[in-house]
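Handing you a structure now.
Chain lettering (A, B, C and D) follows the sequence in which the chains are written, and residue indices restart at 1 in each chain.
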Amino acid sequence: MNKVVANVKEACEGLESGMTIMLGGFGLCGIPENCIAQMVNLGINDLTCISNNAGVDDFGLGFLLQGRQIKKMISSYVGENDEFERQMLSGELDVELIPQGTLAERCRATGAGIPAFYTPAGFGTEVAEGKETREFNGKMYVLEKAFEPDFAIVKAWKGDTQGNLIYKGTARNFNPMMASAGKITIAEVEELVAPGQLDPNQIHTPGIFVQRIFQGEKYEKRIEQRTVRIKG
Amino acid sequence: MALDKKGIAKRIAQELRDGWYVNLGIGIPTLIANYIPQGIEVEFQSENGILGMGPFPYDGEEDADLINAGKQTITALPGAVYFDSALSFAMIRGQHVQLTVLGAMEVSENGDIANWKIPGRMVKGMGGAMDLVASAENIIVAMMHTNKKGESKLLPNCTLPLTGVSCIKKVVTNLAVLDVLPEGGFKLIERAPGVSVDEIIAATSGKLLIEGEIPEMVIEE
Amino acid sequence: MALDKKGIAKRIAQELRDGWYVNLGIGIPTLIANYIPQGIEVEFQSENGILGMGPFPYDGEEDADLINAGKQTITALPGAVYFDSALSFAMIRGQHVQLTVLGAMEVSENGDIANWKIPGRMVKGMGGAMDLVASAENIIVAMMHTNKKGESKLLPNCTLPLTGVSCIKKVVTNLAVLDVLPEGGFKLIERAPGVSVDEIIAATSGKLLIEGEIPEMVIEE
Amino acid sequence: MNKVVANVKEACEGLESGMTIMLGGFGLCGIPENCIAQMVNLGINDLTCISNNAGVDDFGLGFLLQGRQIKKMISSYVGENDEFERQMLSGELDVELIPQGTLAERCRATGAGIPAFYTPAGFGTEVAEGKETREFNGKMYVLEKAFEPDFAIVKAWKGDTQGNLIYKGTARNFNPMMASAGKITIAEVEELVAPGQLDPNQIHTPGIFVQRIFQGEKYEKRIEQRTVRIKG
């Protein structure tokens, strides 16, 4: 069950303008850097991107915003990005804001064959406008639905040729649920190993969810908010 | 004298109980981690996917794969766990986190909170705030009592778009500690050192309940 | 001559395609793993929580923590993964498993299946069967064409309590391969070696569609 | 955040007759052997047990059935147990059968604060009788709800004193979702270690879900269907 593709170019074959694409990561942590660069190269546009954040001006999804390749962002938080703000305020960019837990659960539901579920998040707020609400055990909930992405693109730490993935630290974030949600899921990894090299007890994303895998050429792994304490 | 941000954090830290898992929002709430009372153990959950957050790393030891919900580089304590965003919000919605502390622009006397959007201004998004306030049994708002124009942030009704309804139980400001009563209204519990009840009355536009003598907060320097 | 259980398994194995993830039910379906066509690679999912199931262990090498959905001791191939039951059924409901093969007591001409309960007898439960049939895009039923009393198991309507509705696309029996048409009806695709169309007609009580010459199955010994 | 209790007796304090209790395991694989033995010792009865299976006559939940301690079983499959069959047919035991994936998802929903979700499993069958059904994208689904267990009892391979758990092989099964679902969750482990001994990247159940943990005295880990091949 070899899922390996030769390179990022081959991995991104079939990505087209107008598609809905999920991209893993939280802030700049655990984002598929190589595939984002390739999406810039491909010059595809009118994209709907589902990703918790929208990158910064000169990194992550910011690259796609610079090229006005994104038509709509579906995110929970989109600060830290001047170009994003400009396009949003000018109306060039459509933005749908979703509570972070609802976003995560909707991604999971997509992969898990759950068409809809109830969550308390957003009840009584504008997030619930136009949505069905309902009481269970005296508390109010909002009905939320699965997504329908064409592709999901995730970044893992290690992966094997069968598509099994392990993430590192908080770079895991949205990647596992999104990996399960793509009609086609592309995984880029820092280190690609042979089957059997990863402990079968310790796989975060089983290869069944992954259609294409490759080792990224280079990872900058930029830090958004470097905070340190002084030794002393 | 009214409290500064550190003072608000110190006062809220007194609400921590041994064995609690706690989620701290960005801003004043983050400071609370510095003032955990002696003899109690709490563990911090950051909704991007870590339990057992430690202090910031030493210079040169930052790891791009290890950040908190404010996107700051952090460290992990022994016994820490990393997990995905779905499990993280399972913890939050499932009420496994005992206390959430977050900032607010407005709180209403029936416990509504507004803290994510100002019409006409760039909206950055609610992040995890709507999940947190809709789920936690125990939510404390940490904020200044009034806004930059001097207007009360404790209101009869919120004027800004809501983050959650009837969810806030306690508010700690630079002037006071107040409980939000189930039947509505802010019940004054404590005053900041040197702050008079009249000052709090003047700064509160929502329904304020004052019963008997209101003690001063005890905040260690 | 009608096929035996091995023959049914061999015929269904011909339906496997390279790169498929496959869930095999208990009974005849389990045998399919022994007849994977040369040159194709498939991976078996067992709904109790493993992908990449290998053969049974050698005597003395059994691990109580490593079983399949039939509770049999198994081994794991290189690249195998263990996971929890929620993720396992996420794979199934989310249609990540390309083929499900399971046994049945009855199949109706509109693709309903009954395979979990006989009124009046001890009911053991549906296990994962209802999730599998409600979710899989591609389900093959492996069964004998008639029951022990000689009555057809391919019916106009199921008489037993259903496991799923309008979900079966293909049936392979000891006598024939049949497609269940979207508009209803069993379309005869192949006959077992030496079995006549008349024998299949006699053994099928649901609507049977026969077009042109019906080829014999080709099953290697 | 020390969750360690001295022994199984202390771990099971508060378990009472009439309670609803979730128990991990699939067949006899990954079942909390020590806690089940203690439940027999406690002599509590009228229990509602949520567990995928009901053990065999002389192991697992079969022990509780022998003592007629269980009033109702909520399971997906209950074969392999003569005493179970006798009690069920005589009407002494109430049995609710649930599709296995729905059982797993309902356990997960319980822990995750999701009061209800839609699943395709069981639509058009007696499992859907009396339940709300609904169409999404042309397919029919059944509304299923979370459970309300008093206790959840799980078995893990390794755990640390903070309650972080790692399972082994297919003994994971229902344990992680059930661990998240208990008002009080008891974890028994084969090996109890200090915080920091388990890789934080590789924890299956974060300690936040676990209230009590102890190292089980002895594990028989009985095999239900020993199947082997002959070397040659």
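Observations on the structure shown:
Following the convention adopted for this analysis, a contact is a pair of C-beta atoms (placed from the backbone, for glycine too) under 8 Å apart; a residue touches a chain by one contact, two chains touch by 3 or more.
Bear in mind that the values here come from a model prediction, so they are computed numbers and not experimental data.
The chains that touch both chain B and chain D are A. Using mean Cα coordinates as chain centres, the one most removed from chain D is B.
One finds 33 Å separating the Cα centroids of chain A and chain D. Distance between chain B and chain C, defined via averaged C-alpha coordinates, is recorded as 56 Å. In terms of their C-alpha centroids, the spacing between chain C and chain D amounts to 29 Å.
In chain C, the positions touching at least two other chains are 76, 82-83, 86, 89, 92-93, 135. Counting partners per residue, chain D has 105, 108, 112-114, 119-120, 167-169, 200-201 as the residues that reach two or more other chains. This structure has the following touching chain pairs: A-B, A-C, A-D, B-D, C-D. Listed in rising order, the residues of chain A touching chain C in the complex are 1, 108, 110-114, 160-162, 164, 180, 194-196, 200-201, 203, 206-209. For chain B in complex with chain A, the residues that touch the partner chain are 46-50, 55-68, 70-74, 76, 82-86, 88-89, 92-93, 112, 122-131, 134-135, 161-166.
For chain A in complex with chain B, the residues that touch the partner chain are 26-30, 52, 75-79, 85, 88-89, 95, 97, 99-105, 107-108, 119-127, 157, 167-177, 204, 221-231. Those residues of chain B that touch chain D in the complex are listed here as 19, 21, 41, 43, 45, 51-52, 76-83, 86-87, 89-97, 135.
Contacts from chain D toward chain A in the complex involve residues 105, 109, 112-120, 136-137, 139, 141, 145, 166-169, 200-202.
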